[in-house]
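The two complexes that follow have subunit A in common; it is paired with subunit B in the first and with subunit C in the second.
And then the complex of A and B:
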């Protein structure tokens, strides 16, 4: 035990002295988290209110109802900001240059047509590069149109049901009034779903941290290969310490480096970047499980390689692939079918999933992701250990 | 001539490390594929719908939602699973049509559907689209209820049948849509186009920077001292290193451009323009890579810093999120990076069908960057080689 600790202490001193562990474990992930967050924060749109222009060329009853009742109700929900525009030309120009995201136009004679049971049309002008906002404006207009159509359809259905000659205008008026006063047959209730996704800052912090973790833990086991080629492994084996101590020391180095790296990153991103990782105990459980899974996988690869350089190359390739598939570069939650399922072959995905679920719920949300990562650790670690025993036999 | 040989040796050394084949060729292609599949093309939000036990009217509402443009309906088994998927972001939002929907609608008591969404802008917007679809069905239901109430039809079902029958003939209030403004891109981009050129720019620079590690190796192995011991002028060695980097970049660009064109149908625009941008940007990368390589003695330190610089400058230059969504201020700042100018050039070539004449300003800036960085690199390399 003491020998293992000594070996670990020696390795740690060596790594910290050459600064590469500090760079990969702390500086690079922290730097990238800052840079990515800075850039993504500087992106226009997404989260801002939709500026909706309204051109009311009509001023009749139906159009007044739209502009004074329907639109303000939608505006109160915070979705849109209504900008009345005097002329169609000006509104179109504003939509063209993007000042307004969309424009609803009520042409002159609209209310008269509605009243007279004739076809009527509202117009939506959208920006060619912003189909989403145009769709929203269209939906608002269509909801209102559907309500007007409901009244018309109600009257028409009554007329058809009764059969016989067409209804006199007075009766149509009366029926229309009654139909308009009828209760809405279907209502839509808004229910808030608690988010289980990491916010932007937390995503970059956690994603970069867990991505580079797989590079940080390489230093432990790969150093075993380096010592073999340097000739110092033979001397360690010749010493009166068990082989287990040598292996233990190396694995402990990886573990300690992982813990230091993740601890510093969690603290630094929380304090400097404003990331919120969540319940500290839950985060600790997930972090330890992630470190163990990283050690297991990287150790297994190292045992399959012939020398330290080959090991480092293969480890980098696997770390990058798992990072990409696991969603550390960009969220793969809405990715098409196979990718969103494939993501769970990477421990990184379980780590991010655990943090996301932790955000919404209690600490019990971390058990399944932690167990999954431990599963990775146990399976790969077991295979690696059996192979490492041969390695220590120089 | 010696410079070319030195360059070719560099090329061979790079290929001998198998992992490089992954990082230089395979990984960029994989990234282009994943980016294009996930973000390329128009993204249709996915709406989960639970309608178990909601009856024929519920099924009709589901059909109405399925026919709504700009959203994709995914049926989910129960409300709890729906809530989880919406919370995780697998679905943009969810609609629950409850079991009593049919009965409530028929009786005129008023039926309710629940719209589940996270509290953000895009979910609210999708909610508006859902409301539009519901309103369309509500029109039929409302007409049927009204007719039954007025005793014009025997019951609700007859009313619904009658309303559905007369609906096409009723003059309706409709909404027409037109678009204004000119598009950022005059040609419609393919699903993988933008991902392809941005990743090409990112990886050309990143590979050039991480390739700086090879320069450190050259010094460590004593190769540079031995090269200088022969009757070879230092300037030849420097030129050789530069040729090496540029050769690697060109091979990488060739594979990525041809590969993405063949596999993903990416169009790259006027060939002369593409070649010009690639060569100039390769020179920029070569200068930057050699310069970084002369700053460190330790290969691991150099690769860590190269990663930080390559990814950081790439992100700032619009390689991860395209420049056209940057805020105006950030967009100006982005143009201190050579990546932004290269991305601009490609955007013009591919997005606007420009010829090489149309990207001369961008080419000029890239040439200036290349000249400055190569001069800096040459100066540093001269100093450390002899050491």
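And then the complex of A and C:
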């Protein structure tokens, strides 16, 4: 064990000194997580908060219901921040300079017109550079308008059914209240929680981390081939240590590099990107399982190669294919047909699924994904170990 | 008896597929003795070394190092060996000191002991000034010195150097040979493989000549040269009646052959270093003025040629 630790410490020192492990294990995945998150935020708007301004020039019953019930429900989704503005002029100015992405305006007399069963309209001020936000604001306003129209239709239906003179205002108000209470005004469901999908920031953080993990762990295993071609393996084998110590040291190097890389990426993406990884213990279980599966697969490939360069090439190809199939760049689980099932041939898919399950449920949700990854580790690792013994011969 | 030797190996055999690389090699080395394993490239030197060091399993035979049986898993036997492989075996991203510290600790030294011993070896190899530099910044000669230094870290009873001067400049080569002489003088047993005859002649107390995996001859230099049966060649340039002088010398019992031609006398004698004063005295008595003397003793090259019919570097 002492010799394995010495070899591991020596390898880590060399790897950190040539900066290759630092680049592949931390800098590149972190940078790509930022870049992808930035790109896809711009396209879908996901992951960012829509700043919605509201100008209530009415202050009547209908407008108060909108501002006190509908908008808070929308804001609870976490996707929209509601900013009440006192005047239309100020709201326009904020929309023009980009502070607000859209503004809903409730004009004076809106509630009175609604109650009098007269045509009433809410206005939406959008930004030509941000049509998606304007559409979202329009949808919110239309939903509320549709709800008001449903109530008005219900009251009108009751009045028409009675025949005779018009209903007194108090009765109309009571009927309106009953109709309105019959349904939720607007419901915003937490779709991500129901489908166990990570939010965008967490997805790209986790995806890039586990994608590059398969490159990071290569350093330890492949260095055995490098030592053989460099002649230093002969010196290690001639030293008074067991060959198991040499193999152990190399595998330990892979594991430590994997742990360092993932720990730094989890912390950095949480602090800098706002990614939400979930329960730390559950994340730790998934990370360890992912590292072991990556080591097993990469070690197996290394044993098939003739030299370090060939091993690195083959490992890179396999890491990219597994990364793509495993959905580290886009959520393959949402893809149709066989592709969504094929994804689980990759440990990366189990890792991302585990994080999704962890967000949606308790820590016990990680066991199945973790066991699946450990299955990869055991099968590939066992084959690799039998072949690695030959690799440690000079 | 085998347990008293620093190295004792008997009937070593190793094949690679159908190729017999080592075929019944056996020899021993005592404390303070330098044993030269001489042979052309591909003769089986490195395979023999690899089995002795524990890098390779052997097909047959026995090896003992300081009385301990050697196998690929023999930790105790490996502790007694300092191994300097043929190719540079150092880590380029680590400094010279870090390389030494790593191997010292791998040989079981504590941190403080490893630090102390590394400093000694750095001093011994003349690398103290550059100890903190990464070895990829070292010159070829410095790398070679460090490569040898690592083999000395554990103060081995048996130092094995596998062609340590291949590709080395003359200055570094001489420094390496001097280091080996010093270590041998200090009591370390040395196994030195080379295909350079001059190195074996200079360093080795006994020499084994290996060819096609077999040890074809073994002994001191004199014993090996004696196998050839040739005498020393002496060429003298002189003015005067060389034919008569040559005929006079031919009458001496220790002169095997004497011939005069073109202003020179060519002699073949039993031992030139012993008989040269008498030769010069005879020529002076005959009234000749000797202007130059050249002595050529039979060497290991001639021995190898005699034994195999091929030159050592063929």
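Note that the second predicted complex is superposed on the first by the 243 of 394 C-alpha atoms of A that agree within 3 Å, B and C clash if a C-alpha of one lies under 4 Å from a C-alpha of the other, contacts with A are read in each partner's own complex, and residues count from 1 in each chain.
Throughout what follows, contacts are C-beta pairs under 8 Å (C-beta built on N, C-alpha and C of every residue); 3 or more make two chains touch, one makes a residue touch a chain.
Quantities reported herein were computed from a predicted structural model and do not represent experimental measurements.
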Per-residue touch tally on subunit A - higher for subunit B or for subunit C: B
Contacts of A:142 with subunit B and subunit C, given as first, second, both or neither: first
Contacts of A:60 with subunit B and subunit C, given as first, second, both or neither: neither
Subunit B versus subunit C as contact partner of A:230, first or second or both or neither: second
First (subunit B), second (subunit C), both or neither touched by A:375: neither
Touching partner for A:320 - first (subunit B), second (subunit C), both, neither: first
First, second, both or neither for A:107, with subunit B first and subunit C second: neither
Which superposed partner A:18 touches (first subunit B, second subunit C, both, neither): both
Touching partner for A:158 - first (subunit B), second (subunit C), both, neither: first
Doubly contacted subunit A residues - partners subunit C and subunit B: 18
Touch list for subunit A against partner subunit C, complex: 3, 6-7, 10, 13-14, 17-18, 230-232, 234-243, 393-394
In the complex with subunit A, residue positions of subunit B that touch it: 17-19, 22-23, 27, 30-31, 34-35, 37-39, 42-43, 46, 61, 69-70, 83-84, 86-90, 92, 94, 105, 108, 110-122, 124-125, 127-132, 134-147, 149-150, 152-153, 158-159, 162-163, 165-167, 169-184, 298, 300-301, 304-305, 307-308, 311-312, 315-316, 320-321, 325-330
Subunit A to subunit B touching residues, read off their complex: 18-20, 23-24, 27-28, 31-32, 35-36, 39-40, 42-50, 74, 77-79, 92-93, 95-98, 114, 117-129, 131-136, 138-143, 145-150, 152-154, 156-162, 175, 178-179, 182-197, 313-314, 316-317, 320, 324, 330-336, 339-340, 353, 356-357, 360
Contact set on subunit C toward subunit A in their complex: 50, 53-56, 72-73, 75-76, 78-79, 81, 83, 85, 87-91, 93-94, 98, 102-103, 105-108, 134, 150
